[in-house]
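To keep things simple, chains are lettered A, B, C and D as they appear, and every chain counts its residues starting from 1.
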């Protein structure tokens, strides 16, 4: 998950033990050192691949405050009742035991790029030869007037999986009969372009069974969204009349909320809602900004090795990076991590470095056994990560194909989880 | 008329087996080609014709076995006493098959029991009997295109658990080569048209693209393959587990290469695989094949 | 995202399932009959109606369409390839600032969409547009 | 369909006399076409909004007769002249006999 400083300060449970004494670890020997910040799809993959492929030649530390990582991907399926929360939780045990990654459960709070050190909330300092930042997202303050993280227990974002996702589901389960669920959708660019719309599908699936007269309203600042035709076709087919979306032409981009009153003001029209899911505008996880590698909301990178344009010894992966044509997704982060790991290992040990190649596929579940997907391959150009080729599911596909697509997504989940966490 | 079909249909089947074997052997029999790798699209017949005649002569005998026996049910013991060497072999096979009967049924009313029915087993794709709960290893073998031809069956029957690690078949194996050959001959009598016997899966696993040996013989660079494999392991699990997405580890290299080219050329259809394979060159496919073939547990 | 409209043309073969897939495609005469019902069989001139609809509809369940005709009292829209060709009839009152309307319609498949305007003088005008129903959407 | 149907309208709050204003309307409704079959193969009965009207101070602006080919959650955009201050009344007629109305005042200054 992302390193949200504020949620850290708000919670006392997060930052306690560390596995090792990092200062000793840093100074004890001459092997090159890689520090990875953020144990999600980008960071954990990078840590695993650097450690696994260098076979002990490089010391790898992974800084991640949580001991159990809940993937954002498939968290919507938990909302829909297709997965248990335990299905999307992963521990870091294998990274440590099988690959020798030094997993440090703490928050990274400072980066000194000239001294090449990372400071942790617990006070320790880690030296690095190469720093890999994969902190995910944070929210842009004030992007939804009336909402800030202090309101997340009234109006959850559920866009970092875990307790927020569970809270949203509990609210949905407890919603009064015929109640109204409002989603405030985010502006581009944001984590997982089809995510909000898969979530709406899964919420509709949940409500269709538990609360069939309930309604869903999406307030959306975007004219168009990912897989729109597929989602709209599915919504009409499975949840006719339940879901409405107000785009910018109906003021979907002019929103404010009142978490105490549980109201959403859509372009001057005040709606009383029973459950409100606010997904604010996003930016790179805070530590990227602290490290000084962001330009605006995101961190520009060189596509060839995911190194920061501000510092060749700092690499930025996944959602936090300005990743050209690639969407912000767990798959993308995992793909970028491997390119980065190959380059970092080459720079530190002289191992062979192969050309960068990226790919992404995003599966979405619309209803039971009705899965769709979109994907593309990418390459590195001097300007950016550039798209090579792509595909998307078609409207009107038969049920068997959609079922197969869903089953494939389950296989993918098992595959990427093994690829990230070992 | 019935007798005529009894003879005829298995022959077609045998030829089909031959064409399949031709593919398997093409790599070895066709002269190492001097053509550039780019010429891998040579027509399927070009490769197959060169080897097919030889194989046909070798296989006709087997086809005849199947033909003769299919005409008369093997239950006719007196039939076995009519002294043709072929019939003798089948009779010996029937006897050997008693060891298998505890788990496997053949014949008209055969049903899946502890093991799948073996009607049509010769020439069919591994793990292709509907409704039988195969082991993960067997399913993976079917997915990568293992076809139960004489060679594969002989290997498997000799030492099942060595030949196919992870199989559920808890049988030590048949002891002598004669016994194995006889059992296969007997099983062929229940395999009217050994290849694609009314089963869509079989045709799907037949080699869809005939690749020039210059493509099949590229020595893959396993280190490059390891790097490239990271694109695969986002979905396909490196330890060979398969849950909705097939395992791709420890395939024979030429099978791997053929399947990837089938995706690349669109002969096999799957949007993700068509896209991924579409940008892999011959060297890259060979590298991947080399890496995954050698991958340990 | 990365998928351009041009890519989409190449990729797309889709049909629209939710509406009318099970129905027998309407014969041309069904649309002709519906138009005749609106015009009372009167002759009409081609042109003079603006029918704004995408050549390629990314989602057959919601195809944006705008119609206008200066001086029209009513404009009716027909989808010749739908099981029921009638779509909507816009009648403009005295306070309409223009004979203009915009909505979203369902198209069961690729087909011709026709707008017929009834003018103040009782004459009729017609414009037809061919629409390819396919799928688009952005990457990611 | 009588539950939870909520019409929405977007138009300016003020205008000058004689101005042309653009009005957008949206109502959530499944617009069941009567052409579709459910998973058991039975035709799902038609249930649509069949007419939409807009009036200003009792005078017609637009009157739309709708067929099942109008997309779910029907949307309309059109233009009105505003001669004076007054009230727009928007009305949607459901197949099931329900009528949904929404009024909006506009001040001409």
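Couple of notes before you dig in:
Quick note on the criterion: contacts are C-beta pairs under 8 Å (C-beta built on N, C-alpha and C of every residue); 3 or more make two chains touch, one makes a residue touch a chain.
On a predicted model such as this, the values are computed, not experimentally measured, just so you know.
Among the remaining chains, the Cα-based centre furthest from that of chain C is the centre of B.
Rounded to whole angstrom, the centroid-to-centroid distance between chain C and chain D, based on C-alpha atoms, equals 19 Å. If each chain is reduced to the centroid of its CA atoms, chain B and chain D end up 64 Å from each other. Put simply, the C-alpha centre of chain B and that of chain C have 55 angstrom between them. Centre-to-centre spacing of chain A and chain C amounts to 41 Å, using the average Cα coordinate of each chain.
The residues of chain D that reach two or more other chains are 72, listed in rising order. Shared contact sites, meaning residues of chain B that touch two or more other chains, are absent.
Annotation for chain C: residues touching 2 or more other chains are 18, 61-62.
Applying the touch definition to every pair of chains gives A-B, A-C, A-D, C-D. Those residues of chain D that touch chain C in the complex are listed here as 20-21, 33, 35-37, 55-56, 59-72, 74-81, 83. By the touch criterion stated above, chain A contacts chain C in their complex at residues 192-194, 224-230, 232-233, 236-237, 325-329, 360, 362, 374-376, 387, 390-392, 394-397. Across the interface of their complex, chain A is touched by residues 1-3, 7, 11-18, 21, 58-62, 135-140 of chain C. Within the complex formed with chain D, the chain C residues making contact are 18-20, 22-23, 61-63, 66, 79, 82-84, 86-98, 100-107. For chain A in complex with chain D, the residues that touch the partner chain are 178, 180, 213-215, 236, 240-242, 244-246, 249-251, 267, 269.
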